[in-house]
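Labels run A, B, C and D following the written order; every chain starts at residue 1.
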Amino acid sequence: MSYFTFKNHRIFFDLQGEGQPILILNGIMMSTKSWDAFVPTLKANNMLLRVDFIDQGQSDKAQIEYTQDTQAELIYELLHTLNIKPINIVGISYGGEVALHFAIKYPQYVERLLLFNTTAKTSDWLLDIGRGWIITGKTRDPQAYYKQTIPVIYSPSFYTKNLAWMKKREVTLKPVFSNPVFLDAMERLTISAETHDVRKQLSSISVPTIIITATEDYLTPTPEQLYLHEHIKNSYLLSLPGVGHASMYEVPFVFASLVLGFVNNKITDYNL
Amino acid sequence: MSYFTFKNHRIFFDLQGEGQPILILNGIMMSTKSWDAFVPTLKANNMLLRVDFIDQGQSDKAQIEYTQDTQAELIYELLHTLNIKPINIVGISYGGEVALHFAIKYPQYVERLLLFNTTAKTSDWLLDIGRGWIITGKTRDPQAYYKQTIPVIYSPSFYTKNLAWMKKREVTLKPVFSNPVFLDAMERLTISAETHDVRKQLSSISVPTIIITATEDYLTPTPEQLYLHEHIKNSYLLSLPGVGHASMYEVPFVFASLVLGFVNNKITDYNL
Amino acid sequence: MSYFTFKNHRIFFDLQGEGQPILILNGIMMSTKSWDAFVPTLKANNMLLRVDFIDQGQSDKAQIEYTQDTQAELIYELLHTLNIKPINIVGISYGGEVALHFAIKYPQYVERLLLFNTTAKTSDWLLDIGRGWIITGKTRDPQAYYKQTIPVIYSPSFYTKNLAWMKKREVTLKPVFSNPVFLDAMERLTISAETHDVRKQLSSISVPTIIITATEDYLTPTPEQLYLHEHIKNSYLLSLPGVGHASMYEVPFVFASLVLGFVNNKITDYNL
Amino acid sequence: MSYFTFKNHRIFFDLQGEGQPILILNGIMMSTKSWDAFVPTLKANNMLLRVDFIDQGQSDKAQIEYTQDTQAELIYELLHTLNIKPINIVGISYGGEVALHFAIKYPQYVERLLLFNTTAKTSDWLLDIGRGWIITGKTRDPQAYYKQTIPVIYSPSFYTKNLAWMKKREVTLKPVFSNPVFLDAMERLTISAETHDVRKQLSSISVPTIIITATEDYLTPTPEQLYLHEHIKNSYLLSLPGVGHASMYEVPFVFASLVLGFVNNKITDYNL
């Protein structure tokens, strides 16, 4: 049970294992717990650092207004406190966006970037989708919130093939989705991403950056990752055919293997 | 102002022009009016038939339970009444699905099928998305309904580039989306598609069938149209890169040109 | 049997039908004859103009050095002679490239552009592929020339499914591919495309331009058409999944329907 | 310098490092030497085994007729001799196909399969491409052989961006491509793949199989890997956008990272 303090918030983090360090940054609805199933493989030969952002999991609910840039400051505070530098940063969606903010501001802290289902900007389209989530969250109707936010983050094929698992997840999520504390946190997290726009700063990123796109990602679809790849110089693009936005849930073995492969392969240049 | 009667419902239709006949079938939220801008070009050298399904536009609200198969019966009644046979059928989304039901049951009435953004089955995934729409409809909150149903049917790039047009549309749609009569009709239309599944009957379709997929369609995504193409024997597949579910709104010139080209090119076999 | 004179070469052309005029420009190995099977549908309601470029079909072999720009001058001479202005230009591959040169130089002569399997530039990669064709042509070995130039222009699925037709084509082409006159003309045609590069002039094109890409085109692959689409302002992009470079041979019904649809739909703007 | 004997041929292999074992199988034109630049990273924490097939590199030229199945027997002999079992097998193109034959016949020897740019069958299309290579090989013209076999295995964008490297490669390859011994071996290797067809046996493969497709692969294009993915039960599909057939040369860092990640991540099941 580890905590540190950031702007008067108690922030939860978890550090395990030894080796090339990996920091993994949560998607908006996730928490450190979401990665539990990944811990054994990710810590087997690596140091694994997880953290709950403000308004996530075991970290404090927000007492301030914040943006994704604030969350990037939180990461800086964490790494500075732990004296880990540089580190490989893996982010998915919201977490990938915070990773971008962090890598732009603190390049010397970043060894490599792995960005899953990430965008350079919250488009007007994504912004309106988010506002829809907020409006529905205010109804406190868990069924409404589930139907609006969950199917869309999975590919139709995964959702259909794993319907029993999805239904189990629905049962798990219902109490969460009727909890005003969670829903208000989700609202603040959603709003914290509304101003996200690092398009002009992408050219300053020079660490090896691996961008993973998923062909059935309907929140941060493939054109977003093509944009990242075109504007980040040392970037590599991989695509997951048939996979949706929640790539870590749909293809966990692929997700974990990509993390391990790209983090632990220390040679980037091949004299062929 | 033309009407006919189907199962005691007054059904609105509109017939204009002369030449190779085209029947155009609405998407779920559309009506005959949605095609007004297309009428001049589609009727220039063709007979153009439009119709409002039960619970759409100027047709009666439903007094019965119905499915998309019922709507297909309505089409049969219409064509039988007008004595038009065979006809080229263009359908988008809900309309494409009704077109499939109709073509399977009344092959002799169909000259060619043009299916935009259509699926062979309402997957469990799409079903849950639809249920989310229904729940939100019951709140009678037009803002909530707009945010949940509209952004998702456009590609992010179209939505963002045409934000002024989208905002105008939001203003137009708000009164509609707060109207209980409309919302209840939408609920019934949504439910009428829940049992849609013609996968096993696709092999019986033998008319030339043109399947149009859009790469940013997040309701009936590309794998759905690949499935149709693989299972309908005389089918042709075209893809619209960067376009969303509401393809007729995003690329109207392309939409109309495809209709005219595939309807009016009477030669399918080329002895090359 | 119609001819006109261009730079002392007798140039063959064929004009049939009445209506919105269509000029169709051959791919490198093609001639006016290659379109015979398309004539009935393309002239049914349109004026159809075909022409053999210098070194193609029934036109004279070259007595001069020339580039694709020279072929564009030939088109100007033809249209000027026939007093047809403006005209819809359909080009495939080499023909699409000449169409680009022409549209840049003589915009007032162009109503619409339809570009199938076309590139803005002969890349170093394509240049070396062409040089391979030239070297093999010099061997005068028809089998070698066939195997090098023909399979690559078809998608594997078409080639495999239509193997009997391909084998018949091989028999037809063998005498042609052992004919030094043909092979020397092919060499000059290939060289005439080596300097093709209109990237900087694409922004001057303002006529409606329809760009058709084919996902299994291995000579002018999809990134080439994406480039055209990004740089030609009033352009529309369509994709043919599973189709190869010789799209007119693989999906003739689709090819002809697209031509008719985009040429005969006179309305480009839709007030939605 | 290690050799073993297989059907009276002296076969060269190279074994380095310790840890989870990796066997890497060459593409048709490659040899163990082609992987030299990859050795440091692949052997850092793994045992790396390389081998030259019959007619490749430092192994004997063929004194027998053989197929890819014969090469699979060679692999069995090698692993049996070295007493390594099971092993992770990485194959590219020809090597991936031999890997498939081997995995079908000797499942107990296979830990995991990584198949880059691999096909389940030599299609009639690919067969004719190969025959073109053979015909041109017989001319002993290195320029002709280079232009026919090399550009096609790279994506146009890589070839164009790395033109200086390609030209250097052309200089290196010219003497090889004029060497009758090499060209005759290439002919036999090409013929050995002509009968490749394991489509019906794919369902027997049950080891975790990672299939990597490259969107600009013009020899074993993406539909081939989709087929493998659909027919191998425990398979995972990844796509490399913009990459050609020689993926190991175009994106070596990605290639090596994928190998390390998928081999060294011992956990395939995640209880999410």
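Just so we're on the same page, a residue touches a chain if its C-beta (ideal position, glycine included) is under 8 Å from a C-beta of that chain, and two chains touch if they have at least 3 such contacts.
Because the structure is predicted, anything quoted here is derived from the model rather than measured.
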item: Interface sides of chain B and chain C: same vs different residues, half threshold; value: same
item: Angle, in degrees to the nearest 5, of the Cα rotation that carries chain C onto chain D; value: 180
item: Distance between the centres, which are taken as Cα means, of chain C and chain B, whole angstrom; value: 36
item: Averaged-CA centre spacing for the pair chain D and chain B, given as whole angstrom; value: 48
item: Shared interface positions of chain B, touching two or more other chains; value: 242
item: Category of the chain touch graph - line, ring, star, complete, other; value: ring
item: Chains grouped in pairs wherever the two touch, ordered by label; value: A-B, A-D, B-C, C-D
item: Sites on chain B touched by chain A in the complex; value: 123-126, 128-129, 131-132, 135-136, 139, 141, 143-144, 146-148, 150-152, 154, 156-157, 159-160, 163, 216, 218, 221, 223-224, 242
item: In the complex, chain C residues that touch chain B; value: 37-38, 40-41, 44-45, 165, 208, 210, 213, 226, 236-242, 249, 251-254, 256-262, 264-272
